[in-house]
Structure formats: structure tokens, C-alpha cells
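One chain, chain A, links the two complexes that follow: it is found with chain B in the first and with chain C in the second.
Our next item is the complex of A and B:
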């Protein structure tokens, strides 16, 4: 059986999209010195409100905006606890994840009057797919790259924009300087608090878009724990990508590949319980390989320095 | 700040955090309460809140129910263990969130021993629970060694392991271990001599595991505050360079903390399994690991306060579940309340202004006392 069809490569990109959004959020966060493990919870909450917003308004765009707004609000709430009340950022993230796991189910039950999922997204409320005219007609490449969700294209555009933001704008410089040494940044007049809020806020909006993708394109509605660790995988992708947007994107694609492969294998009748853990195992292995590689490079550098 | 004021501050801070959490709970209940108008909603909400706060211990007619109390105490067993596990790992600044998968794996391994290994008498029980603990300790070597030797985030790895554990148990159950004569996926029943005896025979599932838990609490406290290794773990959390320069092996301490945490989580899973069930049938992660983190935060990472914190969380969980059956407020509200309490307890600056005032006041009192002494 040939599994490496154009469909397969198409699915890698589709599966990588939500991870990519969360990875970019993690990349910007880490550059600013913030380890945001709450991305998972933010994605859950945004996924919920994205689907609800689209359903209430009858318009996918409103749903997407609501998902982004909810992501921003949760990120700022995290910021308030972490920066103003000096709660450990990891614990803050853990609390957001608790709310994202159980709290979302609570809200769904209240809002829908007892249901535990929302199958609210119909074809017309789904985030639209886009066929790119010229690209579409190219054989093979067209079938892989064309016809994705609007958010997928935005996600890959954001890889570039994130790089521009971090390296070509004054705000990016401030974010990096606060991440590198907050005291030094503060001493030259940068408002550390403001930059931190902006950093975590951008991450929240990005994670919100990833959440919207989950409930408004990947699946047709919200269900409990649907994000299934993608927010955590994004943290791994961030560190494997060496903290850079482009590297993070490649790492997200690796996870997309692992999961797409899993789906293919389970289609042959293998127990899905054996296939489902693949992305998580790949994450651990990838982190190890990355760390070993990193260590080897360092040793080499010392060796040449000593010569 | 004087000791008296320090205790006063800790108490007031705790009470304020709980009050805010209750306020949030009340707002959530109010939003979800049935009722045509404001007054009706309000009275329904008050009834629901009463259900949540009072019914875990009292019967409908207001009399104290010892059976309800034993249900609440039984609920502390698993979260006491995950709480202890988290205490030890967090004390060393190891943000290992693997107690969740750990308690599941421990329960599973213990269950397998209890079903298949033919051992005489209570030996089976002991071996089964220890096997659960050791299995998880070994699994926790993965994030621990990777952190200590390669600097890979133990947090991400432990989170990933939670998922891997859940799915692999699902696979083993489906493919090899399930009792096919039953409609649902569960193992064959445990051997009779594997079951942990009940402390009270009223169906509350309060087993001797509770007593074992309390003993382990004391042992953990002793280990953390009266032994060299416990000191090393706590110091690693407070000031890692200090530990390194004073000649202790930081890598070993980092590994020890996580392996011990894993052992406790797995051990707790075993105790919970043999004390409450007679077959293994967990399909998803049980959530005890997350509650365990809250328990550890409430206890300030000190094992000796873990039973109290576990009691509180068990009471709240029981309250929420009764409220959901009797007052129709979804039980998942617990996770929001839990998050609020958790955040406020962990917030260093929460009520910092008040703390400042207390510090100033006690300094002034001391000075006044000194001056008085000087005038004599």
C-alpha cells in the first residue's frame, strides 16, 4: 500500500495547523521569558466559544473573532495572576488548564442546558477553505498545498510575521530584551510589565485561533478535551525549533506527519489506542534527539575554542 | 514580622482566598440556577450552595451523618497520595505533572498483580501495591533522567507520558486483558486476598488504605524535614547553586525527587484500586493528579498539611457532586473553584499590602517596646 499520497501530505498540513498556532504563541512567549503552559487550556476555551459564536451569529467570522477575544482575555487573566500577583507562571498555566478541561464542560452544560458537546458547526459555519487559482492546477503540489482552510494559510503567513515582529520591529526588540534580561530592559526605560502583557496577549490570540481551528474546521463543534495535548506539544515544538518561528514551524510539521501517519495506520485496522500515543512518543523522542544534538554541538564548540 | 502576626496573616489570607472562591462559586451557581425571576434564582442558588457546603456531612434533616463523613474521608485517599507525590517533586522545583498518569498506571499494574499472581494471604496485597509504586517509579525515570542529564523539560515529558500511559493501558485492556464475558471493558476480578479490608462496613469504601496514607504522610514529612536527602530536595528547590557548591549531587536529587513522586503516585493508585474496586475499569485519566497539585499548593508543599488539604478538596468534590445531583448544577464547577483557590494560594502578592501593614505595625510595636525599655 502506498501511503505517501497527495492526500497524506495534505493531511499533514491540516493536522499541523493548530499545533503551529500554539507553537508560534510559545515561541513569542519564550522570547519574552514566559513559559506559557496554559496554551492548552486557552485553546480549549477558545474552541468552545468559537463554535458558540459562529452558531449564535450564524457567521464563522464572528466565531473566529470571539475565539481570539476569549484567548486574549484568558491570557491577560494569566498575566494578571503571574505578573501582578506573582503566582508562578507554571501554576498559573496549570490553573488555566484545569478550567480548560473541566470548566469548559461546565460552561457547555450551562449554556446548552445539559449537552456535553456542541455539534453546532454546519458546513456554512465552518472556516472556509480556499482554492488558490494558479497553484491548484499544478499537479501534485496543487493537491497538497491548495484547498486548505483560511486559517492554515494565515498560520504559515504568521510564521513569517512572527519573525518580522521579533526581529524587525521595536516591539520585538523589547520583547526579546525583556526575555533576556528584564532588569536591563527596565533600566533603559522599557515598561517590563506592559511588554509582558503584550507578549502573553499575542500568545493568547494565536492560541485562540488554534482553538477556533479545532472546533470550527478540524471538527464540526466542540467536545471535551478535544485539544488533546496540542498546547503541550507546542511547547516541545518550540524548544525543538530552537525557539525560532521557522524551526517551530518545521517541528509542528513533524508532529503533523507523526499524527497523519498514525491515522493512516489505524485505517488498516490497528487498534487506535496503539496509534493515538504516537505524537506524544514522537514528542519525547524528538526532545531527546534535539537535546543530544545540542550537547554535541556545544562540545564541538568548546573543542574548537580550546584548539 | 512576629510569629503571631505571621500566623494571623496566613490564616486571613487563606480565609480570604476561600471566600473569593466561594463568591465565584456562588456567581456560577446563580448563572446556572433555574428560576423565572431574580428572587427565585437567588433562593435556588442559596439552596444549591447550601447543598454544596453542608450536605457532604449532614443528612437532609440536618443531623450529622457518619456515613457521609466516611465517604469524604475515603475520597481523600487517592489525592493524599498524588498530593504527596506533587509536594516532593515541586519541593525540588521539578514541575513534573505525571502524578495523573502515575496513579492510573499504578492502579493498573496493581490490578494485574491482584488478578494474575498467585501469592498467599495478605502478601499478595502488599506485593500488588508495591508493584504499582515501583512500576511508576521506573516510568518516572524517563522525565527525571532526561531532565538531570540532558536538561529536557520534565514538565512536557511528564505530560506526554500521561497520554502514552492512558492509551497503552487502553490498548492492553482491549487486546489482551479484558474479561470478555462482560459488556464493558474491565479486567477479571481480583483475588479475594488482594482486597484491602474496609475500615468501616457502611459501603463508603473507606478502607485501611486511609490509615496507610496517614502513615505515609508522616514518613514523607520525616523524610523531607529530618533527613539529608529531604533537605537536599528542599534546598534544590530553594537554591540549586547552593546545593551544587556544597557538594551534593544535584542530578541525583532531581532524579530522586521525581522517582519518589512516581512511587507515591503509583502506590496510591494501587491502594485506591484494592480498597475501592474489585476489577480494574478506568478508561481515562482519573483527574486525581490534577487535584493532587491543588492539594500540594494548599499544603504549601509540606507533607504534614497534605491530609488537611486533601480533606478540604475531597469535601468540596463531594459537595459539588451532591449539588449536581440534587440542585442540577454541573459538577464540573469544581474545576473552576479549584483553579481560583489554587491561583490565590499560589499568588505571592495576594494581600501583600495587608502583609506590609502587619510588618510595619509589628516593627513599630517592637520599637515602642524598646524605647520604653530605654527610658527606664
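Our next item is the complex of A and C:
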């Protein structure tokens, strides 16, 4: 049996998309010195409101916008607690995650009067897929790269835009300097607080898009804990990708590969309990390789510094 | 246009906790001069400069910039008035390039969105050439040497329009060559009409580069002097002096066997600066050996070597004949070496733990305090209560959080622990810094008492009173070396100490070698 079909590679990209959004959020956050472990919770809340928004308005685009707005609002709330009230950001993120898990179910029960999932997204409310003319007709490549969700293409475009933001704009310069030496930034009149809010806010919007992808494309509606750790995997992808947008994208694809492999193997009839750990084993292996690689680089750096 | 770039008139600063950092200080700097601000640590230099840079506001007094009364409410205001500050700890972002650091917060853009990096580089190079401060605009700050980082800091201030630059101990991190380069650059900038305030306590540098100086001592100004009119001796007398002399009654020391033996210890710090140079001394049972010196002359590094926080590049250190280099703190404590650390909040205690927990932190595994795997709480309570009583720690109970005590009582807990574990050697680093008179007297008496009972005490202190009254014999450190050794502190004068502390005089190697007692 051949696992590595065009379908398989297509599914890697599809599965990697929400991880990619969250990874970019984590990349920007870490550059700005903010470890946002609340991405998971933000994605869950956005997933819920994305599907509700689309259903209420009858328009997928409104759903997507609502998901982004909810992501932004939650991120700013986190910022308020962490920056203004000086709570520990890890605890604040944990609270956001708990709200994302329990709070969404609570809201759904209130709104729908008892149901614990929303199968609200019909074909017309789904985020549209796009067939790219020309690309589509190329054998193999067309089947893998064409026909993805609009958000998938946006996600890969955002990899580039994130890089531009971080390295080519004054805002990115401020984000990086606040993340690395906030005193240096404030000593030349950069408002550290403002930059931190912007940093976490951008992350919230990106995570919101990842959440929308989950409930409005990956699945046809919301169900509890549907994000299933993607927000955390994104943090690992951020670190594996060396904190850079392109590296983060590659790492997200590695995780996409691992999950796609898990799905594929279980489809062949292997006991699902054996298959379930595959993505996590890949995660651990990848992190080990990453760590070893980092250590080698550091050593090299020291060696050149000593010369 | 006023003759003066800066006039600070009758400045008094009282901090909310009651500390009077500056009292009625007059400070003025003429346009185009290099003006030294001198004083020992704690003399009030930093506070005065913080007020000038808008980081603090004076309690009373007036500040005039170029003749205009000015309210310096924040660094942003100070920068807009043409004041720049080069901090001792550089305010640079290591992973950014020099050019990016230069334009941080004011980055030039193309069409308002994208950074015009080429322009940032051009600005950097323009200023670099204009002021003859060579930097590599495209290098990341983390990859450039310390001397260049400082140039970047100076350029950063200049590009923001600074005409008056405050340099906070600019030579502290520089090598000799870099210091010479810096001085050449400052002289050049001075010719172009820039004004400098040069904070330092290194006499030779002050004599070399400054036009006038203001000397602070204990928060008060000791006056403004023309550099050419004062001798190093006068400066040292003005800078170093004791206000009150407390006489300490103590028996004659009768030192016996050698305990601590330090030979030819050298240490080069991470920036390649030699912080300890061939330091050798011996400390014997029953004596207090004091180390005096202006801070930053190797005392901190020496303590780090002695208590395993760092390792020397060369030399030997032994206690009772056994090498201690490479031992960790637990192993050192097992050899009955105690440390009263300089920073008690960081190294002395765990602020959120109770008094009792802090008291047993060095001996929690001992047989007396444990029954098998569990603590013998009865024994622990007894020991804690005994120590709290013996050291007169003022507290509600042994289970009070130590962080809620006053500084003096916290330090009493630290010394209670450090003095009670049957020490053979006590390293007391600034044992009474910032604590009340009562606790100070108590700790000093205790140190004398312990030394007379046969314990070797090494006392490092920036407090001249303390080091002169307590020590039986005394070393002075300057520039990472032992500059002088006095067998008997009773014959010492403040004036003489000041000369050695500031490097005006240096004993011969033979005289210094006496501290090895060979």
C-alpha cells in the first residue's frame, strides 16, 4: 500500500494550516518577548464564534471577521491582565485556555439550548476553496497545491508578511527591541506598553484565523476541544523554527506531516491507540534534533568569538 | 546664551523611604567643558544625574539648562533639551545591527511603511565620520567589542541632538587602549562645543581629561574645583573621609595558624578585562583581615573566587591546606566556610520563606535536624528559637516570612546562620551595608568576638569606619591588585588610605608580600 499519494501531501498542507497561523502568532509574540501560551484557548473561542458568526449572518466572511475580532479581544484581555495588572503571563494564558475549553461549551449550551456541538456550517458557509488555474493542471503539483482553502493560501502569504513586518518595518524593529531589551527601547522614547499590546493583538488575530479554519473548513462546525493542542504545538513549532517565520512554517509542515501520517496509518486499520502517539513522537524527535542543532551552532559561535 | 550649559541649584533629594541622597547640592557645568562628578559609591552621584536626565525629580531646588529654568519630568524631555546619557550598562539591543540601534524609535521609512535601512546606515555612517567615532553600521551589536558599543551609545545620543552628554563611569568596562581612544574622541568633541559630565572615581582619568570637577561626599557637595588647581592628594582627602569615628573596643589579636591561603590568583572577565592580577594573601586564625577599596577594583571578583561563584584563570586558593577551587557552595560549607553575602536579598535569604526555613537552609540535611527521612521539627524549632534569641532578631515568631522584617533583622538572621555552623573561616562582604545602627553594632561586635575565639574573618567593606575599626590588619585593593597592606590599622589615617584607594600610591611588592606571612 502506498501512503505517499498526492492526497496525502494535500492533507499535510491542510492539516498544517491552523498550526501555521498559531505558529506565526507565537513567532511574533516571542520576538516581542511575550510567551503566549493562551493561543490554544484563543483558537477555541474563535472557532466557536467563527461558526456562530457565519451561521447568524449567513456569510462565511462575517464568521471569519468575528473569529478574528474575538481573537483580538481575548489577546487584549490577556494583555490587560499581564501588562497592566502584572499577573503572571503563563497563568493568564492558562486561564484563557481553560475558558477556551470550558467556557465555549458553556456558551454553546446557553446559545443552542443544550447541544454540545454546532454542526452549523453548511457547504455554503464553509470558507471557500480555491482552484488555481494553470497550477491546477500541472500533474502531481497541481493536485497537492491547488484546491486549498482561501485561509491556507493566506497563511502561507502571512509567512512572508510576518517576515516583512518583523524585519522591514519600524513596528517590527520596535517589537524586536522591546522583546530583547525593553529598557533600551524605552530609553529612546518607544512606548513599551503600546508595543506589547500591538504584539499580543496581532497574535490574537492570527490565532483567531487559525480557529476559524478549524470550525469553518477543517470541520463543519464547532465541537469541544476541537483545537486539540494545536495552540501548544505552535509554541513548539515556533521554537523549532528558531523563532523565525520561515522556520516556523517548516516546523508547522513537519507537524502537519506527523498528523497526516497518523490519520493515514489509522485508516489502514492499525489500532488507533498505536497511531495516536505518532504526532507527539515526531514532536519530541523534532525538538531533540532542534536542540542538538542549536547546541552545535552555539559552540561554533563561541569558537569564532574566542578567535 | 548662558555661560553655563547646566546649573543645578540647591538640589535636595529625599527618597520616599527617608534616604537623603542629595542635600543642598550646587552643580554647574560650563558650555564646552568636561566636568568630572566624583565621589565614592553612595555619595549621591547617580541620584544627581538621574534628576538631570529626568529619571527622578528633585525634592527641592532648581535646574537651569542653558540659562532657562527647566522641569525635567522624563528622559524624553531631557533628550529634547539636548541632554544625552551614556549608561554604564549599555541600552542597546544585541541582536539588532548598529544602524538599527541608532535609529530605534525614530526609524527612517520609505513611503511611511518600510524601514529605509540604507538611510539608517547612511545616518550612522554620517555621524560616525562627522564625529570620528568609527563603528560598523551593519554589524550586530552582540558581535562588536565593548569599546565600539560605547561609541554606538555616544552616537545614539548625538543623533538625537544631544549637546550635553552624561557619561556614567564610561571607562569601567573598557581596556586601556579603548580608554585612550575614548579620551581622544571626547577631546575632539569638546573642541566642537560639546559638553560632558564624566562620572568616575578614577583619579588618573579625571586628572587627564577633565577641566573642572565637583566632588560629592555623603550626598553633599564638597565644592567645585578647577582640575589644574587641585592635587590628587586634595581630591582624595575631599572624596574619602569619615564623618563620625566610632571607637570599637577590642582585645589585641593573637593570630595563629594560617587558614586561608590565596596565591597569585588571576581572573580575566568575559570581556577580556583583567579584574584580578596576582592576588596573594594569607589569613590566620584569630584575626580579622580587612579589604578596603573603591568598589569595582576586584573585591567582588575576589569574593566570587573564594566562594565558588567563579573560578580563577590562574593561582591557588586553599583552606587549611586543602584546595577549594572547583568546589561548589555545599562542599565549601562542609569545610566550614561561611559567607555573609554582599547582596543579602539575592544570595542571603529566600524572602518568601520563614525565618526558621532561612535559618536551616544550610543545614537542612544534618543529622541533628532529621529523624530518618522526616524533619525533627522539635529540634528545628529549638535551634531557631535559640538563634533568634541569641541574635536578638525582632520578629513575631520563627514562622514569620523573613521578607517582612527590616533590613537589619534580615541581616541578623543571615549572620545567625552563617556564624552558627561552627565556621573556621567567615567571609563577611559588606556585612552592615544599609542597616540600622543597632544591628550594625551587634554584627560588628559579633565578628570581633568570633575572631577572638579563633575564627579567621575576611572583611570586605566599602564603609571606611567599619573596615578600619574592625580589622586587625588591612589590605587595599586597586585595579585588581593589592595596592597596600597594613599590619596594624591603628596607625592608619584616612588620608593615607585615600591615596592608596585612588591609586596615587602603591606599596612595593616586598611590603605587600608581608600579607603572606611567610
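The rule is simple: the second predicted complex is superposed on the first by the 300 of 307 C-alpha atoms of A that agree within 3 Å, B and C clash if a C-alpha of one lies under 4 Å from a C-alpha of the other, contacts with A are read in each partner's own complex, and residues count from 1 in each chain.
In the analysis below, contacts are C-beta pairs under 8 Å (C-beta built on N, C-alpha and C of every residue); 3 or more make two chains touch, one makes a residue touch a chain.
Small disclaimer: the values here were computed from a predicted structure and weren't measured.
In the superposed pair of complexes, A:103 makes contact with chain B only, with no contact to chain C.
In the superposition on chain A, A:157 contacts neither chain B nor chain C. When the shared chain is aligned, no partner comes close enough to touch A:140: not chain B, not chain C. Once the two complexes are laid over each other on the shared chain, residue contacts for A:229 go to chain B alone; chain C is not touched.
In the superposed model, A:280 lies in contact with chain B only, and not with chain C.
Of the two partner chains placed by superposition, only chain B is touched by A:81; chain C is not. Counted by residues of chain A touched, the larger count belongs to B, out of chain B and chain C. Those residues of chain A that touch chain C in the complex are listed here as 164, 168-170, 172-174, 176-177, 180-181, 183-185, 187-190. Those residues of chain C that touch chain A in the complex are listed here as 75-76, 79, 87, 90-96, 100-101, 103-107, 109, 113-115, 117, 156, 160. Contact residues on chain B toward chain A in their complex (touch as defined above): 28, 31-32, 95, 97, 142, 146, 150-153, 155-157, 159-161, 163-164, 167-168, 170-171, 174-175, 287, 290, 293, 297, 330, 332-336, 338-340, 342-344, 346-350. Listed in rising order, the residues of chain A touching chain B in the complex are 37, 81, 84-88, 90-92, 94-96, 98-99, 101-103, 105-106, 109-110, 228-229, 232-233, 235-236, 239, 271, 273-274, 276-277, 280-281, 283-284, 287-288, 291-292, 295.
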